[in-house]
Amino acid sequence: MMGLISYLVFFTTIASILAIAVLGLNLQWGNTGLFNGGVVAFFGAGAYGTLLLGGAPQADHIGGFNLFYPLALIGGAVAAGLLAWVVGRLTLHLRHDYLAIATFGVAVTFENIMRNAQGFSGGAKGLRGFTRPLEAWVNDGLTYNVLFLLVVSVLLICTYVFLERLIRSPYGRLLRAIREDEIAARSLGKNPGKIRLAAFITGSCIIGLAGGLYATFYAFVSPQDVLPTLTFQLWAMLIVGGAGNNRGAIIGTFLIWAAWTASGWSLSRFAPVELQIYTGTMQFILIGLVIVGMLLWRPQGLFPERLVVSQSGRKKN
Amino acid sequence: MADVLLHATDIVAGYVKDLPILKQVNIEVKRASLTLIIGPNGAGKSTFIKAVAGVVPVTSGEITLAGQRITGIRPDQMAQHSIAYVPQSDNIFRSLTIRQNLELVLRKSNSSAARIAELFARFPALATKHSEKAGTLSGGQRQMLAVAMALAVDPSLILMDEPSAGLSPKAAQEVLQLARDLTTEGVTILLVEQNVNQAMHLADHCYILAEGRNQHDADAAVLLNDPIVGEIYLGGRRVGTA
Amino acid sequence: MIQSLADGILVGAIVSLGAIGLTMVMHMLRFANFSHAELLSIGAYSALVFDALFSGILPILANKIGPLSMTWALILSMFCAMGATGLSAVLIDRFVFKRIRDKGDELSMVFASFGVALIIRNVLGLIFGLKSQLYSNDIVFAVMVSSDPLLLIKPDQVFVLLAALLIMLVLQFVLSRTTLGYALRAVAENPSLAEVSGIRLSWVIALVWIIGGMLAAAAGVFYGLNNHINPVIGRDLVLPIFAATIVGGIGSVFGAVLGGFIVGISANMALLILPSGYSPAVPFMIILVLLLVRPNGLFGETQT
């Protein structure tokens, strides 16, 4: 029973952290139409950033500034935002798919550097030496995890409320206007480039925040945590939930994360031993099928957004 | 009835199914005539010739050319139906040379070199620039090339969408005169124009469309002397006002 | 140094073949196709299957050609693989990309191509196993062209380079001298005008996929011949191919060829300075430099 509860706490914590990342992604793709092909780089920037800033000094690499935890977390998010600023400045004025290519390249490069830059990231063995905040005060592991889950949930709710307010504000309407018809938005005297850059950076900061929480939870991050797998998972979560719909994004995250862990568990449990090495392979095929299938047959997601001005207008005519 | 080449009966058409731009249009074009369609913005003039070309889907009604039903043809099959269409803008391939533009439309023909030689004889301005990119041509020369591309496949009907738009008055007059000259060679022209004054003097017959319906039609000569038409389209003034 | 240059030229030829198809698709259909590199894998694996088939039916074909590790069976297989890959590319377009295109959802094409790449890569892994395979287990020794500076070249490498250049020349001829080539350029420039000029769009789009698939298959076979065949060929080559496309400028076939060589050579040269662990990041560095200096590529038109 305790085992089940502690697993549920663990599951919910990871899913909530990923949900924050998916909300950030939703601001980029769902609300602004920006394709981020390297979500994991921004997630990783937050993760590495937080641990480098908040961790204890290490002999073999830089970092370990022992920063007050909330500041370290914010620092991680800022690191993700800075990365987004650089990529956005270089690509957002070009054809829309340049952003996809550049972000994809950033993710490959980010993982590559984290794996190789021993003196900075700890290399392949990852970044250790981080003590989770207040851990010394809470003796019991489960209690700590429950408390951590509470913090994560509060941050998830805050992110949700922030984004809901944002997209309902005039600024949010502007984002949609740009996504639907850039030329019209420009003719209204708005500068779509600037607005898209701001949305891209904001989304990336949120993704970085999720990365920071993720690394905090494990008190550890390694190049294995920033593989492209995560990008695909987050994408599947968003498309299942429905691009543009924040509530759907959260539900989609829980669904896909449950499906992913369940499929991994059942494949490893019931599949013949010689097929076990193909567990990941089959899971990737499933993720690919979810993405393609949703785009083909239900592009609005399982929980489509209700607030699409132009489409309802079109129907009435 | 005189020799009618194009018959369009009760045409309903539009880009979106439930939103017809043409609500009911009937047009007849006589063989070897220059027929003009005019009307206010949004009347459906361009949409009509696009519907004939197969670019805009026809929801109901029938179009026949020389007695053959051509409703809803595929746009890439126009040449097989002896139709050519000159779009209003972007009607040449800028990145190809002038010769390549012509070779492209003639690629299924066996005698393309001979045909291109004929066209170059007709349009010497194009001949001298034959290996230059079409994007370098002046506005008037572009229209020449667009008309030459249409003419290349030897169509019986050419649909022209505002060929004089954006041209200098002189170039506009030249391209409209070219359309007129083609009719004397037996080619039938259906022309949409904003430049009503110049076009009307050259046209045989003229249709006026409004809000996707026929409003009026008559011989161009008659309409030229019609005070109401003159007032609306030819810049005439109402009698008694300043 | 010389060795790096020679190796780089060879990699460059392979990347170029991949980039030509990608640049044509990106120009005509206006989306970054992240599944294009998977066509190289499809090509490499289908050649493996055809090779086993031909060598089994006609063992005489399994003899090696001169100093190459290539057999007649493999050459024949390569042509069959080119056909099969071209066909696969058309089918993928019909089943996925065309349907999304018809909905007018341009942005989602990139997204879908990620999913398609994931499916192809892992289905290949499931069918053929995750281990690396080779066309021939015979070891072909490199020929020492010069000892100082050291330059070792395998006969296969010379063959691959010449074959790749020949394919590019044929394609260049088709594009610049035939009306088929004009039709391709016309559709890329202005699809609706192309259509009213008598070009059937669906045919031309299929043609682009066939050309792209065929070149990718050749690149895949060449890659397999010089390295080995595994399901992650696409994953490893997608970034270099994109880099070549961007360096050359989207839509420029000549640019893609040049971009391929630039990427291949600089990736190999960079390893003279950088530790080898960084090699996957080099193509992105090239993209980065280009975006800073000349965002539209060496031969690209201004994009908006």
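Going in written order, the chains are labelled A, B and C, and every chain counts its residues from 1.
Convention: a contact is a pair of C-beta atoms (placed from the backbone, for glycine too) under 8 Å apart; a residue touches a chain by one contact, two chains touch by 3 or more.
Fair warning: this is a prediction, and the values are worked out from it, not measured in the lab.
Set against the C-alpha centre of subunit B, every other chain centre is closer than that of A.
Here the chain at the heart of the structure, going by C-alpha means, is C. In terms of their C-alpha centroids, the spacing between subunit B and subunit C amounts to 45 Å. For this pair, subunit A with subunit C, the centres built from the Cα atoms lie 32 Å apart.
Distance from the subunit A centre to the subunit B centre is 55 Å, each centre being the mean of its Cα atoms.
Of all residues in subunit C, those touching subunit A in their complex are 26, 30-32, 34, 96, 99-100, 103, 105-108, 110-112, 114-119, 121-123, 125-126, 130, 238-239, 242-243, 246, 250, 275, 277-278, 280-281, 283-285, 287-288, 291-292, 295-296, 303-304. Across the complex, subunit B is touched by residues 179-180, 182-183, 185-186, 189-190, 192-201 of subunit C.
Remark: subunit B residues 53, 55, 74-79, 85, 87, 90-96, 100, 103-105, 107-108, 149, 153 touch subunit C in the complex. Residues 29, 33, 35, 37, 90-91, 93-98, 100-102, 104-106, 108-109, 112-113, 115-116, 232, 235, 239, 277-278, 281-282, 284-285, 287-292, 295-296, 299 of subunit A are the ones that touch subunit C when the two sit in their complex.
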